[in-house]
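Heads up, the next two complexes both have chain A, just with different partners, chain B and then chain C.
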Partner chain A sequence: MNDTPNIKVEDIPSMPEVCLIRLSGELDINSVAAMDRCFTLHADNSKKHAIADLGNVTLIASAALGKLLGIKRRFVEKGGDLVLAAMSMELKMKFMIMGANKIFKVYNDLRSAMNAYAWDVKHETERVRISFPPELAIVPAVRNFVSRVMVNKGYSDRDSFRIETIVDEICNNAVQYGSPDKKDNITLRLKVDWGKIELDAENVSDADKKANLRKHMDNLKNNIHVQGDATRGRGLALVKMLASELTAKITDTGTMVHVTKLKEE
Partner chain B sequence: MKSEKPHLLEVSFPGELEYIPLVRKMISEVLRVLQFSEKFTFRSEFIIDELCNNAVIYGSGTDRSTVEIQCNAFSDRIEITIKDRGGSNENIKRLRQAIAEEPIGKGGGLELVRMLAEKVECTIDERNVTQIHVVRKREDVP
Partner chain C sequence: MESQIELKCEAVKGKNEAQVIRFVGDLDATNVQTVLERICNLFTEGKIHIVADFAKLRYVNSTGLGILLHLSKSAKEKAGSFKIANVNENVFEIVEIIGATSLLEIFDTVEEAIASLK
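For the complex of A and B:
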């Protein structure tokens, strides 16, 4: 796109509505005119959102900060925003002293800024895959991880805890009803959306235990309640109560349990 | 080194810094379960943190890509492999320098990793896909 000595505006191929502004050196009063020229040139284009990469900026004078505010306002008027990324620690401290961190969204690095845009604005899905050995003792680490991801993604503590409970149950089942061979890992896939999470737990079947799992699934499908004195089958019933959707595919080679849980709070 | 079937833990996550503490914490919890010592676990967590940070910060900076981490836990060691889609030519050059133990201006994370690990290897393919492999021996086994 356009270049001036310490300003470069670039496209991001995977995000056509976002422009990447690379600033460098000292942004002082002399840079303001160049910044203004550069943005006026792009004022009427289709970009609604901008990420300013400040990784190579050594100083931002108040005049340049004022200009950035003006540019941000122009993007906000178009329904977008200007966010800042990759500031040095020193610059970040100065920003905080000036109170600018209350006005601008600041990200540690460029990729985090892009990912935040994809999550906050585009509501794109984030995917995580975990493959772990079939051992019950490892399940708490996995469920803790999922719960922390949910909290980070803005799910409430209650929702996160319920998702953690679901993960615990389906992973424990995957271990208990699956092959105990160390090489037959269990795979847990998360598809985290703005309003829901989808979980897939997949194991390698243990032929002897498959029939039992199938029986539990059939009971659930037919709404047969677990009897008070039954020692097995409560976990899946609990998952069914907590989840918005629960399905299982039991084949000769493996079992895949799919759970959808909508965000409640 | 013993050749045995290891415990394999794999995680693939979006290239975002906020995921790193969660991933390293999970791996350290798993190592604790597998009876690795607190000290070993904590230092391994440090290695994972450094390598994942490098993968996110210096990896593909203009693309939404994932970082993959593989941790093989043997009874006498762990082997960690971290893969990302690779960054700019400049970052790749810096990584090569860091691996070759040439002094570089910034960071020093890889130098610390080298101090804590027995082996650090790096492979970069023609599409800049970067893979760092680290071997760390358990200190409490002969």
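For the complex of A and C:
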């Protein structure tokens, strides 16, 4: 660990190619020389990316901001970037006034910055697991959440809407055809990649309704369509049309629906 | 926690049996019953021509569409009509995939839908 009053340069064990710059206190004109000296001395030239943790910074003067910009430039020249994390609200406001938010990517906390790096640069898969009781009233919140995740992951509004619809329909089916026991949670698993999303919805079966679900799945396989004015029964057909792949496994104990949706836009 | 949907009803000048209903929000399994009851009440009051303005309808799922098809059929049985206008791209895609474009009367604008009323 390399110390000066206002800057420490550290490794991130899980991300060997990323350098963590911890800044603290008042970054004024007097800090600039120390920042520069410390960073030049200790920063590993092999690292292309850096996250600056500003969680303990109370003030940042324009000279220090200029220095950060210089450090950012060094990373950009290597094909990487310097991003900022954990700024206080006050500091964020000041950054906005100075227009620095247009130059730097800013994250709420260190974890978010690391996650963004894993997604944006490493293209790592993100996994989300949602478990909720079998109640229709909960489904809108689940589908809205997934839609927001997709937008956040760079999927278009259209793709996010389609995925929202898929989630809505498979969760509604899980509620409708699954066990009504509030303890028998429905589990939705998302595996989000840059080019596709995979969804698994799992629920405990209800013996009385299982036959109906099987009938729907058979109709879907045989392309038997719901009558024009029928109020229900179109959900799975809609999912089949929106999804790139749809499979369902109905066992004596539970139902597992698997959907793959490729990114289209 | 059900989805929010608001229905704003407006009379149509010179057409006593018609009503414009502006849908605001999401139409899904959690609120279809409310929508069904509101519109069936209008039918009972003699408002048998309904123009549904979807300009602010963000979302509809298969259950919501099922109810729209049911309302369309009910209106026709009463010698009325159920017309839809201002459908956004995302909602229109769902209507299209379900194959409801041929079952529902869809117009670009509320004015066009009103003009088509007999």
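One rule holds in what follows: the second predicted complex is superposed on the first by the 239 of 265 C-alpha atoms of A that agree within 3 Å, B and C clash if a C-alpha of one lies under 4 Å from a C-alpha of the other, contacts with A are read in each partner's own complex, and residues count from 1 in each chain.
Keep this in mind: contacts are C-beta pairs under 8 Å (C-beta built on N, C-alpha and C of every residue); 3 or more make two chains touch, one makes a residue touch a chain.
Quantities reported herein were computed from a predicted structural model and do not represent experimental measurements.
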Once the shared chain is lined up, is A:238 touching chain B (first), chain C (second), both, or neither of them? second
Spot which of chain B and chain C makes contact with more residues of chain A, would you? B
With both complexes superposed on chain A, which partner does A:168 reach: first (chain B), second (chain C), both or neither? second
Determine, under the contact definition given at the top, whether A:18 touches first (chain B), second (chain C), both, or neither. neither
Figure out whether A:137 sits in contact with chain B (first) or chain C (second), or with both, or with neither. both
Counting only touches as set out at the top, which of chain B and chain C does A:158 meet: first, second, both, neither? second
Which partner does A:246 contact after superposing on A: first (chain B), second (chain C), both, neither? neither
State which residues of chain A lie in both footprints, the one left by chain B and the one left by chain C. 137-138, 140-141
Listed in rising order, the residues of chain C that touch chain A in the complex are 1-3, 26, 28-30, 59, 61-63, 65-67, 69-70, 72-73, 89-90, 93-94, 97-99, 103
Would you mind writing out the residues of chain A in touch with chain B in their complex? 12-14, 20, 108-112, 114-115, 118, 124, 126-133, 135, 137-138, 140-142, 144-145, 148-149, 152, 182-183, 185
If we count contacts the way the header does, which residues on chain A are in touch with chain C in the complex? 136-141, 157-158, 161-162, 164-165, 168-169, 172, 225, 228-235, 237-238, 241-242
Give every residue of chain B touching chain A within the complex, in rising order. 5, 7-19, 22-23, 25-26, 29-30, 33, 56-57, 59-64, 66
